[in-house]
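Got a structure here, written out as structure tokens. Questions coming.
The chains carry the letters A, B, C, D and E, assigned in the order they are written, with residues numbered from 1 in each.
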Amino acid sequence: MADRTFAKFTFFKIDPAWRRRDDDLRAADKREFLAACEDFAVDRSLRAYSTIGTRGDVDLVLLTQSPRLDELHTFHVVLGQSGLARWAETPYSFLSMTKRSPYSAEGARPEICVSERKYLFLYPMVKQRRWYGLPEEERMRIMKSHIEVGRRYPEISINTSYSFGLDDQEFVVAFEGDDPGEFLDLVQELRPTESSAFTERETPIFTCVSMSARKALDALDGTAAVAAALG
Amino acid sequence: MADRTFAKFTFFKIDPAWRRRDDDLRAADKREFLAACEDFAVDRSLRAYSTIGTRGDVDLVLLTQSPRLDELHTFHVVLGQSGLARWAETPYSFLSMTKRSPYSAEGARPEICVSERKYLFLYPMVKQRRWYGLPEEERMRIMKSHIEVGRRYPEISINTSYSFGLDDQEFVVAFEGDDPGEFLDLVQELRPTESSAFTERETPIFTCVSMSARKALDALDGTAAVAAALG
Amino acid sequence: MADRTFAKFTFFKIDPAWRRRDDDLRAADKREFLAACEDFAVDRSLRAYSTIGTRGDVDLVLLTQSPRLDELHTFHVVLGQSGLARWAETPYSFLSMTKRSPYSAEGARPEICVSERKYLFLYPMVKQRRWYGLPEEERMRIMKSHIEVGRRYPEISINTSYSFGLDDQEFVVAFEGDDPGEFLDLVQELRPTESSAFTERETPIFTCVSMSARKALDALDGTAAVAAALG
Amino acid sequence: MADRTFAKFTFFKIDPAWRRRDDDLRAADKREFLAACEDFAVDRSLRAYSTIGTRGDVDLVLLTQSPRLDELHTFHVVLGQSGLARWAETPYSFLSMTKRSPYSAEGARPEICVSERKYLFLYPMVKQRRWYGLPEEERMRIMKSHIEVGRRYPEISINTSYSFGLDDQEFVVAFEGDDPGEFLDLVQELRPTESSAFTERETPIFTCVSMSARKALDALDGTAAVAAALG
Amino acid sequence: MADRTFAKFTFFKIDPAWRRRDDDLRAADKREFLAACEDFAVDRSLRAYSTIGTRGDVDLVLLTQSPRLDELHTFHVVLGQSGLARWAETPYSFLSMTKRSPYSAEGARPEICVSERKYLFLYPMVKQRRWYGLPEEERMRIMKSHIEVGRRYPEISINTSYSFGLDDQEFVVAFEGDDPGEFLDLVQELRPTESSAFTERETPIFTCVSMSARKALDALDGTAAVAAALG
């Protein structure tokens, strides 16, 4: 099981009152948050995404991965000490693990979301219980045809992790792509597939803009945008 | 695909405490917000709507459009720096794209909501999954009869954009009209149509009063109303 | 269509912190709110209701009516400038219009809720979609027998307005009566009727105590009750 | 109808910030709240319950009864003036009336919850609409067998009041007992009864510790517990 | 019935503003909270869990047990006086009791969650009403095969307590284990079992890190993590 990893998606919404603080205080608040991220990322996977302009209830998403759950606990303890965390809510949080898929020859992935694509399309999924009552071959057949539609979109990579018993959803599904329109077309094309009829829940859906943690933090109070405008 | 555009609906609710600030501070807060809007609108589409008097959970709606998603991200980063944003929540947010409709000969629209009509009637829509299991001709037949009812109301224009995989709803549906009573009658007349039975969700519904961004901002603290009273 | 009117129900919940303000500040806050109401009511319909003691999430309900939606928008802009509005949330809001009923010979009512009865029983209603799939004669038959039960309670008057496409509900239903026990009995007696089985949603239900805007405002901080106690 | 009474359940959650106030301010806040309660209770029924340690979203429940609804309105106006009310939210509120039950020979009760038992188990109930479509004899038969199970637990008394048309639920159901384990066993034993299958909603469920209003108020900031510890 | 116990799960979310307080004030706040815990634990069962890094809506979970409900009430009154409680919300709360299971020869457990395993996986459960309509032997047969799957995971211990009539759920289900991946596999393996199809609700699901109350409190502001980093 050494190749399984925990994948933790943490969603932050910054209190609008934080933007009323002085520039240097905000800079220090972000610096402390960033230091915690960089420290974790020295030998573990940390990815950052901004949802400003795509969602109203979330500003920043962190994806942290480790084969040890206590490392994720410790990271979030340290992060909670940072100045920015004192002004942040976490409206969503998904804890999941990778696992060998029954529909693929591949083993469990030791890390997910490793591409350099521009966007991450992310949602928690729960299947209807009647899905699990189908014979295994039946489920296999249905998933195969679902996967075939996906193959027609080679520029989009899928990352599925599992939350059974650990968190409210059964799966966390994350797609990486450069073209949101292409992903929209894929999802719409999947609607008439048989597997789609077994979905119980697949919202909220987050369109996340991939960027460095530093840039995602700067987007919170516009520092980066201003610098770019001056530059 | 150069003719597809992203359409982002952002809904603002202003903290009642903002109204307790001094007049000149509020004026500055609005000025900064307006500057960001005007800057974006130089060569891209931005429309503003007030929902004061029609909704209780939203005060102001912005519709921004661009074929590039990063431009919408950057706009919202800049907007977040404005004084007013420091006192605003965003209780709703819809991200969508235009797309060629299977029920029309028209291509994807490069811009939506371009009329000068007084009201925008706006809601997110999700169809029941069994809809997508129907044969294509069947769906075509059902939508045709739905569309025919709409044709009887030529003063009402429809703007549909798509959110599959990008946001929680499948469609964002926006109607433009001058007479809310006429739109009410149309929607009630559509209830017995076959297509209506396939709706899973179509709320919340927003009746939005179309106006310039400046007027929609002035409505937040009554400046415009006062000026009109003096004038 | 000159006889149709917009009916806007606005629900206010006052921040408990408002009650910590000084007496004279609270008096001024209420005075400004009342002035906006009285100004609107000069030549248009405005009714006020208190829900203190009947609901936990709402303190005050205003019903404003006008054949012009922009007048309702302007009224709420002006109201928002008042001191009290700076401490108020609007947890609910129903926008509706009157319309000729298919089950009655009467035309659209130019004004609703005109009686002097003591209580208003108010709720938003959505019917199941299968209702709209029934043949018109069938719906007519079912509604007739529903209406007959209501006729046995002549002391209760009904006011139905329509929200299709304008707001989240299909109907806003408002009953006026002097005896809540009698209304309770009527509603329970309606449960076994055929029409009742087609209800999708009919909550929240508000029992509203009818009174002048001045008295409803005084109920917010007990001024009236104190005066009565002294008197 | 002189023997029917209104029964109003009001649920309070105290802002954690209230506990940061000075001891004497908190004492005064509670004194004012208690004075309102004692005044009402001079010739009407008022009962108090603490939910500290049994619920997370409510601290204190008041049950006030009167045959006149305006008396309940006035009581809540006066209560709202007290210091404690300035720091309290009311997350739940149930308005109901007593009524003659069709399943019993007894008339409408002039007062409910009159026992000296230690606990009150309280929940709002809505039945499925198909229940009301059953013939009356059928409903009578089903309820009889439901009531028979209850008879096997003579130490538990039931108090049912009615909210049709007055509030969101159809019934408010309140059981009084000294032994929570016995009540748990009764409810579990009722699950396989026919009537149980017709329940649409019966949550939230509140386990309330019965005590004087003074003690329930003291439990809010631990004064009573401290006194007991010192004593 | 002397061997039954109440089991109370209390979930705390600390206001981000608490982290802005001075170090010594925070230390005192935690000390008072800990003192209440230690006092209770002298002769009763108290367990603490951190959910930092696993959930976004909860930071700390306390499980307190006593055969007397008034002791749990008094504990929460005392706890509410502590400095930390003045900055804490309780977004969830489960009240339950142990009880003899119909599917086991064992009696009611006098205490649950007694292992030294690293994690607690916890959720409230409600079964579909049709479950209770099955004949007893049928339910027995279905549960037996469910339990057999669990037996294949001997490193995971199950603790079920009952909430019928006392709180919103029917059961509180708590699993103890050292390996979250193993638990995830077990839950996924249970999905195709017959019993799984009778689940009405089983969320939210909490992955809780077991630790002393002192450590769980230190995780709130990172004191422990810092000490470890220095050590």
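Methods note: contacts are C-beta pairs under 8 Å (C-beta built on N, C-alpha and C of every residue); 3 or more make two chains touch, one makes a residue touch a chain.
On a predicted model such as this, the values are computed, not experimentally measured, just so you know.
> Using the touch definition up top, find the fewest steps from subunit A to subunit D.
The fewest touching-chain steps linking subunit A to subunit D number 2.
> List every chain that touches both subunit C and subunit E.
D
> Subunit C-subunit D contact: same residues or different, taking over half shared as same?
different
> Distance-wise, how many Å sit between the C-alpha centres of subunit B and subunit D, to the nearest whole number?
44
> For subunit A versus subunit B, what separation do you get between their C-alpha means, in angstrom?
Averaging C-alpha atoms per chain gives centres 27 Å apart.
> Which subunit C residues sit where two or more other chains touch them?
Nothing qualifies.
> Which residues of subunit B touch subunit A in their complex?
1, 4, 6, 8, 10-11, 15, 69-70, 72-78, 80-81, 85-93, 95, 97, 99, 129-130, 132-133, 162-168, 170
> Using the touch definition up top, name the residues of subunit D that touch subunit E in the complex.
Those residues of subunit D that touch subunit E are 16-17, 19-20, 50, 52-57, 119, 121, 175, 180-181, 183-188, 191-192, 196-197, 199, 203-205, 207, 209, 219-222, 224-226.
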